[in-house]
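Chain lettering (A, B, C and D) follows the sequence in which the chains are written, and residue indices restart at 1 in each chain.
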Amino acid sequence: MPSLLVILPLLAVLLLNLPLNFLRRLAQPAALLFAVYQALFALQVLPAGCTGCPTHERWFVNVLDPLTSVLLLAIAIVMFAAVCVLRATASDEKHGFNALNLMLLAVAGMNGLVMVRDLFSLYIFLEIASVSSFLLIAAQRDMGGLEGAFKYLVMSALATMMMLASIGLLLAYSGSTKFMVVAEALHAHGSHGYLLTAIGLFLGGLLIKSGVVPFHGWLPDAYAAAPAAASTLLAGIVTKCTGVYTLIRLVQDVFGPAVATQQLLLIFGALSVVVGALAALGQSDLKRLLAYSSISQVGYILLGLGVCGSANKFAAQLGVAGAVFHLFNHAIFKTLLFVNAAAVEKQTGTRDMNRLGGLAQKMPITGLTSLLAMFATAGVPPLAGFWSKLLIIAALWLAGLHGYAVLGIAASLLTLAYFLSMQRRVFFGLLRPEFAHVREAGWALTVPSLLLAAILVGVGLALPWLIGSFLLPVKGF
Amino acid sequence: MDPNYKIALLENIILMAAMLLGTLATAMLRQFIKAAIALAFTSVVLCILMFKLAAPWAAVFELSVCAGLITVVFISAVSLVRPATEEERAAHVRFKVRRYFLLPVVLLAVGCGLSYMPVRPLPLLATTELVTDMRALLWGPRALDLLGQILVLLAGVWGVVILFKEET
Amino acid sequence: MNLIALFMPFGIFIALMAVVGLYCLIVTRDMLRILLALEIITKAVTLLLIVGGAISGQMALAQTLVLTLIVIEVVVMVTAAGIVIAVFKHTGTLDVRRLRSLKG
Amino acid sequence: MTKLMYFAILLPAVISLLALGTRKLGRVCGATALLGAVVNLVVALKLFMAPETAVHIPWTSWGLDFTLRLYSFSGFIVLAAAGFALAVTLYSLPFMAKRAHSGLFYFQLLLSVAFANGAALADNLILLLFFWEGLLITIYGMIAIGRPGAWKSALKALVLVGASDVIMMFGIGLTGHYAGTLTISKMHLALTHAGPTLAFLCLVIGATAKAGALPFHSWIPDAAVDAPLPFMALMPAAFEKLLGIYFLARVTLDIFVLTPASWCSTLLMTLGAVTILVAVMMALVQTDYKRLLAYCAISQVGYMLLGIGTAVPVGIIGGLFHMINHALYKTGLFLSAGAVEHRSGTTELNKLGGLARQMPVTFFCFLVAACSGAGIPPFAGFFSKELIYDGALERNGVFYAAALLGSFLTVASFLKLGHSAFFGKVSEANKGVKEAPWAMLLPMLAIAGFCIYFGLFNTVPLHKLIQPVLGAHRLEGHDFAGWPHSIGLVVGTLVVLALAALHHFFGVKRSGSGSGAADHVRGAPGLRQAYDAAGQGWFDPYVIGMKFARAIGAVTWGVDRTINWISDGFAVGVVAMSSYLVRAVHTGSLSIYIWWALAGLVLVIVFLVKVN
């Protein structure tokens, strides 16, 4: 029952807020349980999802294709990690409880978002996830959080306005907001300026939401300023769902991979890859570095998506498969890195990398898993990130876009450079005397770290199996 | 062209011009309260326009919620922050008008540009399914939107709880 | 029927309203005015949705969309106002230029 | 049975993780490792008994499939590996007890078992390569945890074995290309064209390098000194030989069709003969117990190469039989070296002596293993060597002569080793030496038992283990069990043995001590210069390679300096500058960010409209 994935969090929020004290204590286990349920559900429909799992119900009919199922799985995993981080870092019970409710709402929004097939419903669920995210960022009412939330809110409102304008224009033309109807209508006069304006407006909105250069201004501020649990959820999955997933879905299903769209995706993708990596290189705030790294990695996803309409069918298939795979991988390793950042911040009280150092001795699990995540991000075999980057770069090369392929490889070096600098400044080197008594951050942070690291390694090793059964069919619907 | 349509169009254009004036007033009025009231005025004109375009439900909603509730939100917000900002506001006034000098130029450029832009004709698609009963639509195919509304409202409630509740 | 001919008179005004909103959004330094600017753009978009429904004949659909849009609009505005007030309590000002501690 | 095959790979791996987890717990970790080895042996026994079977799980469309195949040969290898693993694990319990990193050692030992089982069972070349490379990692790891500074030897092993593996990878690619499949059991390539021949040579290099033949051998003697001793007994003495020769046999028997007429066969035999002679010459002059054994092990690989290279049934059977015999007696010898090291604290022959009285059981085991290695009837090594001689003689008398000469030198070096370690005067330091603990003796005795058993009752191993590998149709009705058929060969061998003994007594008389029995060889005109050169690493490809690399490095130094400012000053500068600029434009101002977004939006729309 896919609709349960939206209704259960809603019911949970309603139930947990009944004026009964013991219910509050059940909140975190309930949220974890829900995450596990969702993960199991997604895993169960994943194998059947290749052809599209038929679902007979009122709201979500036949929506469980591979792309949606993969996103559902990623949402569940990131939510699990975020709830764990919340448990470890919440300043007091009240804050923790508030944040948990908002997380449940955000997850309900994202679950709906990946399952709807209607432009306007998409907007609604997008807005649910976004509003919950603003509130999660601002929840502590500290200055940084408020600033980040305000910037995010304004840019996000701008983005939704663009999307709504596009929906209005398309409504006037096609008389509907359903993906299928709009896609057919666009097919008839796809090259008319009016419709292209509509598409452009929607793309612009999505590019803001995904934080692609030059639409990205809000992203580093929001990521860096948010409380640990919120930034885990936000960086791990919210922007991936609201921006990147939607972009993939709409470009594939509704707007169609026109030549101009592809070129735009490639240009913005390349710009993001380079600018994100360059900006990350000079950061001293750990979370801000990770935020810029996110921009850079989203650029890779866009590059992969940019060949989705290539004349070389195999390249197109590889590109989309790579984009979706990288989306999933990025959700995993970025979550892992944010969990570790939360552990470091919790144990040392700072995120300034110039003041850290040598923590790998004291926090071996955190150091090791972030090394893994870093290798995965930079694309070191056989971790998951290597394969997805390989797919993307291979697709670019096959499609004849050699320049972009070379750029992708070169930017990998930059990725490695800024992550090595991070690893060196935080985990290696000399341990500062004030951190002599730092210890590992406790199970609530190490368990999700280890889990996510295991997923990274496992997915990387299982690639030969994954690629035939899940990844390549993504393009096939 | 149908003369009735032309008259209706003229009325609509007059209304939209009023709306545009309302937005300009919202943007440029010095006092915030007045700006908020100008926004409410814009909403009222939009409401009339909706009535004319045969959207009574939306019009009622626009009138009650946007013209009413949102104005209240703004006014109460500004009353919450007013005391300390009067001086600052005064300091801004001097160059504030100057900042809006460019707006008429931009508006003129955009308006002219759009009016004289050559656009190929685009045929209207024959709509396949025409649903006229709004309630049937809202409870039928678009029931998902209602679920979404509930979720958004819940998020809003949490927003109020988190942001407005005094720290104890 | 030509969609462009039907749409253009509305389209120009909607675009002009949006431009007013965007202009205000960029030049203003008052955080509450930023919210007003967003509201202006929202008005334009609301009108666009209604016009879209009117042109395609899907008035019922357009109305349901506008209903939902208004609900969401209120929630976003309340949230935004809450954030602005919280910022004010921290800094004692509504100047958006003060929101520049996160940079680089 | 398919489940059993998974068990054979997964169980040791899982238990290895357990050992890693309990590495701080000393005895618990050892017990875990022992348990792992026992479980593995049980699984291996069951596998050996099981009928021929295969697993095939398609992975990719281009031939990388998960394919395992259990048949007489792979079952035999898995069983033998399991036996050695158990013996070495049991032996390590006392040996590693007081040493650092014992947990890591057990972890890697069991992991090696898993990889070895995987490599033996794999029926897909890429899959095989995966397990093969896994062993490379454990080799590196196990050498590196030896005495301080062992990482140098580990690196040498990694580079040399890695280099040969790269060649093998290339060979696998070529083979897959020509055969059109990567499944080993589906390949039958004739060595008639240049392409397949090149592929064959690459694979042979991979296999022989793993077995430790020239010229990829030089890491073994270094590792012998640096690595923990059980590693030597396990890896170079047993696993590497088993797997290397196993793969060589599969390359020559299954993947390619090697005929006696082919020049490849002659090449293999020549390589074998050269390996025998060069390595045993080196062995003869060593003054360290372990180094001597290491060179000896290399030389024995030559016999196997020679036997398999003959491409006639008797030679192949001899080679394979020698593989298992050699694994047995060389493991036994290394274990005896470990026992000596464990008790006396040194393995330098000059400092040893007279241990036969103090460590009688160890001496007995050494004696049996050495006899087997020297080819003295009726020990196992005698029979396998006779078969190889037979095969060599069938092809060409020169190879027979070389093998016989090698045998002479082998005996001489074993006599030197035994004499100097176990006879003569007891040195002052070794006065209090006692017999090794039972956990070390038990594996040694078992191995000694097998050396005798496989000799006296050689029908059993030959009928059950070796001859099924070739299959009835290739044996052409021959049966190689029992006593050698040719009396002439036996006489020849006995004469050589006697000559070696005479030579030894002559040497002892001349130099006055057991360890100096071969000094006259070391000092012989012509040979002395060769030995000196070898001592300086002139024949060591690693050393040569490093010298070469250093020379190139010196030449490119100047070029490098000129490029340096481009890469260091220029490229890094550009990156740092752009990074600074990028950060500088992120002023934190909301309206600027909105500007960017709007500009982007206009760009998107204009681009879309214009390009369409």
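FYI, contacts are C-beta pairs under 8 Å (C-beta built on N, C-alpha and C of every residue); 3 or more make two chains touch, one makes a residue touch a chain.
All of these numbers come straight from a predicted model, not from anything done at the bench.
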More contacts between chains, A-D or C-D: A-D
Centre distance in Å when subunit C and subunit D are each reduced to the mean of their C-alpha atoms: 74
Inter-centroid spacing, subunit D versus subunit A (mean Cα positions, whole Å): 48
Rounded Å distance between subunit A and subunit C, as computed from the means of their C-alpha atoms: 26
Whole-Å gap between the CA centroids of subunit B and subunit D: 79
Residues of subunit B touching at least two other chains: 119-120, 122-125, 127, 130, 142, 145, 148-149, 152, 155-156, 159, 162-163
Residues within subunit A bordering two or more other chains: 120, 124, 127, 131, 134-135, 138, 141, 150-151, 154, 158, 173-176, 193-194, 220-221, 282-283
Multi-partner residues of subunit C (each touching 2 or more other chains): 3-4, 25, 27, 34, 44, 51, 53, 55-58, 61-62, 65, 68, 72, 75, 79, 82-84, 86, 99, 101-102, 104
In contact (per the touch rule at the top): chain pairs: A-B, A-C, A-D, B-C, C-D
Subunit A - residues contacting subunit C, complex: 120, 124, 127, 131, 134-135, 138, 141, 143-144, 146-151, 153-154, 157-158, 161, 164-165, 167-177, 194, 220-221, 224-225, 282-283, 288
Partner subunit B, residues of subunit C touching it in the complex: 1-6, 8-13, 15-17, 19-21, 23-24, 27-30, 32-33, 35-37, 39-40, 43-44, 46-47, 50-51, 53-68, 70-75, 77-79, 81-86, 88, 92-95
Residues of subunit A that touch subunit D when the two form their complex: 150-151, 154-155, 158-159, 162, 190-191, 193, 196-197, 199-201, 203-204, 207-208, 214-218, 220-221, 258-261, 263-264, 268, 275, 278-279, 281-283, 414, 417, 464-465, 467-468
Subunit D - residues contacting subunit A, complex: 59-61, 64, 575-576, 578-580, 582-583, 586, 588, 590, 592-594, 596-597, 599-601, 604-605, 607-612
Of all residues in subunit B, those that touch subunit A in their complex: 119-120, 122-125, 127-130, 142-145, 147-152, 154-156, 158-159, 161-163, 167
